[in-house]
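Each of the two complexes below includes chain A, the first together with chain B, the second together with chain C.
On to the complex of A and B.
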């Protein structure tokens, strides 16, 4: 590994003892001897097992729930339904003051995705719990379901989550997270070429080798202990305390050893209900996903969709970017409203673009709730904008590495979210990568530096354009009324995807034929 | 369900256990005999986290009926350290950062031990083949392959060299 101290000379100390030197992980010896204790290695005497009755429907009303037959099954000790849960509806991000509560730990009036739990059966063995869970009788009335973010935003789409009142997350009165910087319409007018493309991420499952789970047990003095593989021990503790309506000092969480997480073990789905089971039975209760449940029910990466429209000059300068992001939260928020914010913030990329307009919507569908997964929001945005960079480079006939060096932001540049760039090193990183890969760079680009030619005109916040509809034509940026104002809310939908960008690319360069990609790509797949 | 008596050796100790006919080796060893180095990742024979050595052969404990192991010698990761300390494979896994989350590690070690017992000088392809039934979601496998080769003395760097020759181990 190469440490380029010269690039960050003003940022680092040279008397560090560990950085730059190989060191042994403190848990390595436990791992190679098998002595590291994962949650499932804490099997306790008298431990019970919890399994769930899950919805076979993507979207359905629950007419009635009958657990009588299940309760008669061999080995069953207790069955939990929503009636047993102190806080019947919750949301994870309430710990960051991002409401509203929108997800029941156990569903009651409706199920909103296939696999949603409606009852938890606690029994003497895992197989007994599973057999009894299959005997929970639920009378479902199937409802129309929606699986695509843009279809969910269209008029007449089934309402997925009543706690939001609409199929998108409300950011402080706005139907999306936005970035407004400069005048994108003028940027597109002045651009030699305008390109719009669509990018789609898949809802990837983390598939950790150890499935998510925990063991909860009564402790002394009215306290409860929970051995868990959560990636967020205190976040899960506080979430459980809220759902159980307990002071958090009644709970003792033991964890830190996680058999693969990648973001897939932050949703705190096992701990509150296993603890509730331990409270109601006064015995240890284990809850863990089977492999099938881990794949089908646990949160995957959101299916993010990006439309990126860029204006680029013949000399390679990117002069405008208009991006629309549709972040598929699935049926419930979990951490997706935060992921959509990250996607919006990341959309300009590490490049200086003087005119930027980003709308990021967090959309509800009847898919499995998505949540954290390896840079969620950022990873998808990077995929979209870096593939876009390759296309732009090809369009203007530039080498893709040189194109990135040319557009990289430099010290002193103003970013679209109004932070001045400091300690930039993208140019140097691309130069180093090119050298290692034997990728030839011309002298002009080898001579470029993050510390030169930034700032100045590039370091100021550009004047905003006169108030207008913006590139989304119509409702983009419109303030939506607060939830509850139903009559008005029906008229305040976000811009329909069918709204084509208003700006046609001017055909005024030798590459004008390629400039028409805008109208070709901008109108298809809608 | 009928029960049978099972005689076997586990990590050098003779055992006699009464087992149910359908009981898996995983259930017997992990849940009843507290051999918790054996991990259950899928219980369908696909992840390799429960790999143990039965009469010298790597076996998936989750899809092995305990009843088929009568008279067998069974080894788990608990048996690896010798009187002098860690087994060379364990040391090599530490030195080459072959264990990240640690969940697949014991299964990988048993697959590797079975390989080296049968083939003390494996090629890289032999190692890849030997661990092909063991899923690791963290490391990307290369550090594991390097560790096994190092332990066999056939790698680019010997065991016991902290950091080894890999540039990315820090």
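On to the complex of A and C.
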């Protein structure tokens, strides 16, 4: 690894003592000698184990739940159902002051994805808990399920989550978070080429060395301790306090040393129920994912779908970009409504494009709820944008590096979310990459800089177009079914959005618009 | 039938910290009577090196050697609130909170030293080796240990500091999407070279060469650790991994590492990096964050390299041999 200290040297004070040194990690010795304490190293005497009875159906009504046989199994100490949970429906996003509550820690009237927990068995051993969990009898009435984001948005799709009342997240009364900048329609009309492509991200497992889990135990003074590998200590503590309806200072969380997270340990699924088990049994309770659960039940990286439509000139300038983004949240919000907004804000990538239109939707389907993962909202977006950039470069006959330098944002350029670019360094990164990879760049592009030639005409907010339907007919209206009707899931290339039929608004659900959704992140309540 | 080489690139930026802000982190710094410092946090070390980065930042801000600082995290009874370790926010948010706390503690330390040396605290400097001396007069000196002991046993001062860093929350305009997602961005450009077997559809990644702009590399080894791991994760995302191979169909979901494919030691490739530092105006010593960004650009770079090698576009992840072979068949072979 080499440093390019010659770049931006005038903006940097390199006279530092400790910062910048290759100091050995504080925890290196502990990690390599096995002395670092992870949550599982806090195994306590008399500790019980929690395992879940899980739905075999993607979507089903729960007619009845019978735990009597399971309770008779050897080693079983206690079985938890929704009846035992003080707050029966919750959402992680409430800590960002976003509703609605949409997910039961233990399902009761309905299950909405395969693997959803309906009962938690607490037993003397993990195997006893698992054996008893298999004996929990649930009378399910299977319901039609929907798995594809665009099918979920089509009229007549099964309703996944009643707490939302429709299969999308409501952003300020809209079915998507939007970016409106300049006039994309005009950009497409004036462009020499218009290209629209579809990109599909896959659901991906975080695959940490240490699966998610915790140990909860009764402590003194009516308090409970929880040793956990959460990525967000107070986030998990506050989530548990709300679900258990406890003052937060009754809980003492200990963590901080984690065997890999990658975003998969923010969901706080183990702590509330392990604590509840510890409260009801007055014994330590361990709950942790098996590897199979980690892969199929814990939140994966969401499968995002992107339609990117660009207008590009023969000289290489990108003049318009229209992105439709579908976040597959699965059955519950978890953190997906946040991720979809992050994806919207990320558009149109690190480039100056004068006309940008973004519709970012968070869609509910009958699959394992997805959630945060390394690059949340960005990884899928950059896959789509950067493959698209390659296609555009070849279309106009430019070198792919030079094409990126040509379109790169520079200091002073106005971004689509209406903030001025500062501290940009994309051009220099491309130039530096060209150098180490022996990729030839012409002198013209080697001479370009993030600190020059931005701003000016590029630094202003362009006038809005005359009111019109926008690039996706109906897409600018309130509460209309979005582009789901436009393309079937399996179509490799969808019709251009302008060809989309206009669909009438569905009846408004009584649940629509409830909750505190005045902004994506409203006032934080403390 | 042949193995065909191709190169592809991707250039990206990455937003640092929780999108739209509103994600505070706090730090407490205090000295024991021997002049050794503890940073109390509730932030999480996921393996990325959170504790070590914060330790170096604290030592830098205090003006003491790194050996004189240890970081204690995460205990909700002793560590003040932190939003969490995600969104590439640790270095930026927690680093700034630690600087604020360390500067307050340093202020007390220098006042205590000034009283002992009978000088003005504003005239004192630290040498980064455990001493405090009068600027321009290195012999008029007191050790950090003596100053700290004097503060606590003679002067009744607590050598401690509190810090918080908050990027105020932004509310997107519902009509235009105007918003402040983050205050700074890191940047990267990645070149991937691959070899595609047009008979089997298999892709071998030959090399990943990339430039990363990180604001400030707080610890070059930790940066490299992130870049190497992230590069492998990116190639793994590109070519192997998925929990639902026939998405949106839910069938054939893997449940162990025999079924859930990732690159093994024989599959990972050589990686070369070059580091750029354009300090973020509001970053700790300019630091941004490299944690999430590095797993992203290998994915499109590999997709573009596959096209360069055999002329097929795979627009659905992962780029499996099956998808490549089907595309080659449709195209009538590599070109």
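By our rule, the second predicted complex is superposed on the first by the 461 of 526 C-alpha atoms of A that agree within 3 Å, B and C clash if a C-alpha of one lies under 4 Å from a C-alpha of the other, contacts with A are read in each partner's own complex, and residues count from 1 in each chain.
Going forward, a contact is a pair of C-beta atoms (placed from the backbone, for glycine too) under 8 Å apart; a residue touches a chain by one contact, two chains touch by 3 or more.
Fair warning: this is a prediction, and the values are worked out from it, not measured in the lab.
Asks: Looking at the overlay, what does A:260 touch: chain B (first), chain C (second), both, or neither?
Replies: both
Asks: Regarding the shared-chain residue A:232, is it in contact with chain B (first), chain C (second), both, or neither?
Replies: A:232: touches chain C, not chain B.
Asks: Figure out whether A:174 sits in contact with chain B (first) or chain C (second), or with both, or with neither.
Replies: Only chain C is touched by A:174; chain B is not.
Asks: Contact-wise, after the overlay, does A:460 reach chain B, chain C, both or neither (first, second, both, neither)?
Replies: neither
Asks: Have a look at where A:376 lands relative to chain B and chain C in the superposition and call it first, second, both or neither.
Replies: second
Asks: Thinking of the overlay built on chain A, is A:207 touched by chain B (first), by chain C (second), by both, or by neither?
Replies: Both partners, chain B and chain C.
Asks: Determine, under the contact definition given at the top, whether A:29 touches first (chain B), second (chain C), both, or neither.
Replies: In the superposition, A:29 touches chain B alone.
Asks: With the two complexes superposed on chain A, say which partner A:21 touches: chain B (first), chain C (second), both, or neither.
Replies: both
Asks: Going by the contact rule set out at the top, does A:447 touch chain B (first), chain C (second), both, or neither?
Replies: Neither: A:447 stays clear of chain B and chain C.
Asks: Indicate the residue numbers of chain A shared between its chain B interface and its chain C interface, in ascending order.
Replies: The answer is residues 1, 20-25, 27, 207, 257-262, 291 of chain A.
Asks: Across the complex, what residues on chain A touch chain B?
Replies: Within the complex, chain A touches chain B at residues 1, 20-25, 27-38, 40-41, 43, 206-211, 257-262, 290-291.
Asks: Contact residues on chain B for chain A in the complex?
Replies: For chain B paired with chain A, touching residues are 31, 36-44, 46-47, 49, 76-78, 80-81, 86, 90-91, 93-94, 97, 99, 101-106, 109, 135-138, 162-163, 167-170.
Asks: Would you tell me which residues of chain C are touching chain A in their complex?
Replies: Residues of chain C touching chain A: 7-15, 19-22, 41-47, 49, 51-52, 55-57, 59-60, 63, 65-66, 70-71, 73-77, 79, 81-87, 128, 169-172, 174-181, 184-185, 187-191, 209-213, 216-224, 227, 230, 233, 237, 241-244, 247-250, 253-257, 260, 262, 272-281, 285-287, 291-293, 295-297, 299-301, 303-304, 307, 313, 315-318.
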